[in-house]
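There are structures below to look over.
In what follows, chain A forms one complex with chain B and a second complex with chain C.
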Partner chain A sequence: MVFEDSEPDLKVTSPFAGVVINDYIFKIGVSLIGVGLPLVMLYLYLNTLINSSMNSITTFGIGGILNTDWSVIQGKFGLITFIYGTLVTSAIAILIALPLSVLASVFIYEFVPPEFKSSLRSIIDVLAGIPSVIYGLWGIFILIPFLNSTLYRFINSLSGSEAITVGYNMFTAGLVLAIMIIPILVNIIMEGFDTVPKTLREALTGLGATRWEVSKTVTIGTTKATIFTAVMLGLGRALGETMAVTMVIGNSNVFPNPFYNLFVPGQTISSLIANEFGEASGLQYSILFEAALVLFVVTTFFNIIGIIVLRKLKGATK
Partner chain B sequence: MAERNQKINPEFFQSDRNLRFRLFKDKLMFYVTGLCLLLILVPIFGILFEVFINGIIGFTPDVFTKAGGSPLDPNTGLLHAMMGTFYVSVIASFFGIPLGIITGIYLEYYGKGFFSNILRVGIDSMVAIPTIITGIVVFALIVLSMGSFSVLAGGIALAFIMIPIIAKTTEEMIRLVPQLYDEAGYALGLSESQTAFSIVIPLASRGIASGVLLAFARIIGETAPLLFTAFFSQSVPNNILDVSATLTVLIYQYGISPFEAWNRLAWVAALLLMLMNLGVIFITRVIFSENGVRPWTRIAEIIKIAFGGVIGEESAKEE
Partner chain C sequence: MNMKLIGGIIAVILVVGVGAFIIVPLLNPTPQVKLSGAGSSFINPLMQDWISKYNAAGVTINYQSVGSGSGIKLVTNKTVNFGASDAPLKDSEFAAMKNPIHIPATVGGIVLAYNLPGVGDALKMNSTVIAMIFMGQITKWNDASLKQLNPSVTLPAKDINVVHRSDGSGTTFGFTDYLTRAAPSIWTLGTGKSISWKVGVGAKGNEGVSSSIKNTQYSFGYTELAYAKSNNFNTVAIKNQHGEYVQPTTAGIQKALDNSAATLPKGEESWAKVSLVNAPGAGSYAIVSFTYIIVYKDLNNLKDKAAAQDLVNFLWWAVHTGQNSAGALSYVPLSSAVVKINERSIGLLTFKGAALTLPK
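Entry: the complex of A and B
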């Protein structure tokens, strides 16, 4: 506890200090807002999402949206292309961000001198707050030209054809997402590392293990669940991200052909909404709400798994 | 690394190929993990650097005094977007801060039992809702019923994002104040509300303030919820029912536009936004640092809630 090194300064002044309110009124007032407000907000979210998408749900049913045809003029509203785009970009982001974050955290934890450690962690924490639209802007003007002249040119020359024609593609979007979620991942993983018992590390070091062996077996080994949680929460963030993706993904409503070609323009659910919602009316308006509902369910699913595991962990380490 | 190798007498282990391999692997992983840290730091600092340089390059005094206009007109600025961001964040704070704090107080003081846990899960999932969804929900609720895009609708969308974050952080920060102080209050004969307002909440006030500031930093950086609520325009909003540009939406619109003049302004807007955003976070970190005079503030955790949508950090009340 903090008491040991710093005595709390108790001479607090606050506009509230000394306010006398009847306990009963306090309880009623606080409870009214505390219970009422979240319930009203949740109701507004769910009610609006479901009501506004009713039109398309009743028109298309399940089968009408589970295909890859999207044509506003012909009234075809298949969502598979966008669900696929959402999952693929998030998967790329996690596949890039996870190993980098874990290994970088090991380096910070194991090899960075203590006097730099906390400031380095603070910097990474602060950088988690860069607005996503700035990542998008950077993606357009810096990252895409850079990739075009290096990685994409290299792949093109390797395959001997112009396989990658535009820098605005799903891989780029995944890469931007990866860069965006890394600070949060490092934050969660480092916090997991903090809970590793010192005795375990000392025991293994005493047996003659090298630093990397200690890191691998103890530091990473005992925090696997935390790392899993970090992945779930990072996924939750990546799946729902709008701006950084919309600006670099190329916004194409056509399903990639072949499906494993990640270097073609695509679209995610949130970028679809960002692009089409402004001019949408009628069925298209409704289908966009249905897409939002799908996105809501998917992100909530991953977040709840993450939260449950994190809660279990917190309970276990106490 | 170096000292460790010196401790091992090489002659003694000379025959042990396995050990040499292990030491080699140890050294190799030192470089590999170091490279990973470099790989994550380079793009992040690259972004900071590029925004700074490009923002400075495009900067003119007109930025602060002129509203938007045609991309061919060299005398345009960002005044309209700055005013828009100012309006939406003030409206969001007006609703979000008091309501969020009261909800947090409720959760900590009376939020026990099954029903409250359901409520908590609801708030947790609202923290993590993709913000574009908030945008279109507020569009359906407010813009449709009022008949036009408005700064007010934008502010309310941001309040929807702010309330769960502040509620969560307030609850966490009050919980960090040891039970001891509640008991001290009751022992003096104070009632529950007196204890809360005179002792516990003032003690938690730094933590609560950091939560509020970081939630504020989060919402000024939000774009998606404003796309279809505050929308976009090239003139300064006259009142809260006007449609208006904001810095974030302007970065998006100008960034994807083909006009060089607008791209330049997008970078300037990005610099302004980042200075505000990281400025608030940095100041919060410095002033309310956990190593400072007053305990019970955990900035790292608040940052996680505000920017990562990361929740479930139920710390136990200190007994």
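Entry: the complex of A and C
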């Protein structure tokens, strides 16, 4: 208030000199926080992971963990089952969530009257913020009984057996993950749609294109990079999600047989850590840190791929 | 934005924050003695009940239910004053602590619960059948061996949906200890807190297993007695060594305790081989296990002799008066023979070599 009312007094101070020093301090401060802090965090993080997993890394080497035998009692710690479970559940989640999110975004963008649009979007924001344990509970008490009486009963009747009995399995986990990440995807895709120039759409509509054609070529067509970013963020959430997955995946340390049977209980890396860490000791304690390290490598790998693809997509749309 | 306003807000936050640091200790003029413990989640409800009832002047106790394994780790490196574990110390853990004392603090019964529509509390099983179900060798409810044990029950031709713990747990340890001892030729997956199960779904915690059993028809799993009672589960009557089928009840569990008491070691000895499962004698329930409080024999991990005396008082109270709370919370009170062993063990505790007095 004080500053707005008074006239700037140029004679008393030299604003130029002050700005330079301020700017200099600002630059150093921002670089320290922006670059230094993440680097320090990353160092501390990796340092803990590597130090704590050293025991198992030196005991088993790489070969010792690249198999499917997991038995704490016998000292066998193969991680393949869990890496597989992590990738499969996340893949199911993305395959289901991506088309649904894109269609939902198109619906909100094209068909919802403007007066409902903002309230609908804030509802989606709220959904994105629901704690994962709530999704897990919802999975146990609503989704699993529902699937048991519909989809799983149907599959059982097709195969003529009662192969799917309990409903706690990798597919259910993937489905819960899909429902968890849809609000995130819709949120980001909608942001992308907002940046599409109105003139482009109007021009195409003027040429007689249907709403579907406009959506396909302009709205979706020009925001491919954003949609891909949304997928990467959703994937990041799905790969690391722990609580909701642990509650519905069935937590079995046995590799599915045959490997494409997703309707059997499984385990992801993060659910393994959540399950075993409390009572772990010795080598088991160490291998759980190594599992966390593996999860870190997996997510980093997908992020790097994501950055490369994103660059290509951005290049293509320019 | 107004710089003065921001400055003012920061100043208020600083004053309130610093002020709180100064004022809060002044409001509590008598410095409170804090005892800390950590470990078993199984004993946690009972422990919290003890802590709230044990209001001896100036003593507050903090117990963190972080799991038995972590509890042993935390007491071994002297982060907490006492640990609580569902399994006794292994030989390596015993060696790491050098001179630990085991104090059995409560007894738990592990029950086999099922969700079979139309079948009441009538099912009978023996160790062989239980082991075969958890090994995946019996997969149907109407298996011939189950029918033979339960001729009067109509068993459905449905798959047995096995539910087990997914997290490392003392309950799993007690249950697999039973299978290993009672059906060694069938159960080959060993005794441990974390088992590589061949069948079934895993659920986290006793509450996870209970909700899975509740929500899944034709399911079958193991959980603690307290959870079976609170969920009104039907439970299996298990054949004991004496040849009787015994339902999990407080009486049956106490009987197992009494019938095993003569074989228990002294508090300062290793308890690694102690097991209450498959207890001999009439009326014994088959799957019973202790939860232990574990302390150093010399309490030099406490800050002074007064604090060590407070811990001794609390332990004494817990194994005597504290046992009265057990029943209401579906725990089983210690039998008098075990209390005798504990009295002697607590008498061994010292602070830097100096003896501590027993409350009596």
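Simple rule for what comes next: the second predicted complex is superposed on the first by the 256 of 318 C-alpha atoms of A that agree within 3 Å, B and C clash if a C-alpha of one lies under 4 Å from a C-alpha of the other, contacts with A are read in each partner's own complex, and residues count from 1 in each chain.
Please note the rule applied: contacts are C-beta pairs under 8 Å (C-beta built on N, C-alpha and C of every residue); 3 or more make two chains touch, one makes a residue touch a chain.
Note that the coordinates shown come from a computational prediction; the quantities given were computed from them, not determined experimentally.
Asker: Applying the document's definition of touching, compare chain B and chain C: which contacts more of chain A?
Answerer: B
Asker: Looking at A:S122, would you say it contacts chain B, chain C, both, or neither? Reply first, second, both or neither.
Answerer: Once the two structures are laid over each other on A, A:S122 reaches chain B alone.
Asker: Regarding the shared-chain residue A:I140, is it in contact with chain B (first), chain C (second), both, or neither?
Answerer: Both partners, chain B and chain C.
Asker: Which holds for A:L87: it touches chain B only (first), chain C only (second), both, or neither?
Answerer: In the superposition, A:L87 contacts neither chain B nor chain C.
Asker: Output check: A:L295 vs chain B and chain C. Expected answer is one of first, second, both, neither. What do you get?
Answerer: It touches chain B, and chain C stays clear.
Asker: Look at A:Y168 in the shared chain and tell me whether it touches chain B only, chain C only, both, or neither; answer first, second, both or neither.
Answerer: second
Asker: For A:L200, decide between first (touching chain B), second (touching chain C), both and neither.
Answerer: Neither partner.
Asker: Would you sort A:I130 into first (chain B), second (chain C), both or neither based on which partner it touches?
Answerer: First partner only.
Asker: Does chain B (first) or chain C (second) touch A:Q74, or do both, or does neither?
Answerer: second
Asker: Have a look at where A:L151 lands relative to chain B and chain C in the superposition and call it first, second, both or neither.
Answerer: Neither: A:L151 stays clear of chain B and chain C.
Asker: Can you list the residues of chain A that touch chain B in one structure and chain C in the other?
Answerer: 1-3, 140-141, 246-247, 274, 278
Asker: Flag every residue of chain B that touches chain A in the complex, lowest number first.
Answerer: It is residues 1, 4, 22-23, 25-26, 29-30, 32-34, 36-37, 39-40, 43-44, 46-48, 50-51, 54, 99, 102-103, 105-107, 109-111, 119, 121-126, 128-134, 136-137, 139-141, 160, 163-164, 167, 178, 191-194, 196-198, 201-203, 205, 214, 217-218, 220-224, 227-228, 248, 251-252, 255-256, 263, 266-267, 270, 273-274, 277-278, 281-282, 285, 291, 293-296, 299-300, 303-304, 306-316, 318 of chain B that touch chain A.
Asker: What residues of chain A sit close enough to touch chain C in their complex?
Answerer: So the residues of chain A touching chain C come out as 1-3, 70-74, 140-141, 144-145, 162, 165-168, 246-247, 250-254, 265, 267, 271, 274-276, 278-281, 284.
Asker: Taking the touch rule as given, give the residues of chain C at its contact with chain A in the complex, in rising order.
Answerer: Residues of chain C touching chain A: 2, 4, 66-70, 72-73, 158-159, 161, 166-170, 189-198, 200-204, 208, 211-212, 215-216, 218-219.
Asker: Can you list the residues on chain A that touch chain B in the complex?
Answerer: Touching chain B from chain A are residues 1-3, 6, 8-10, 12-14, 16-23, 25-27, 29-31, 33-35, 37-39, 41-42, 44-45, 48-49, 52, 99-101, 103-104, 106-108, 110-111, 121-122, 124-138, 140-143, 179, 182-184, 186-188, 191, 210-213, 215, 233, 236-237, 239-243, 246-247, 270, 273-274, 277-278, 288-289, 292, 295-296, 299-300, 303-304, 306-308, 310-311, 314, 318.
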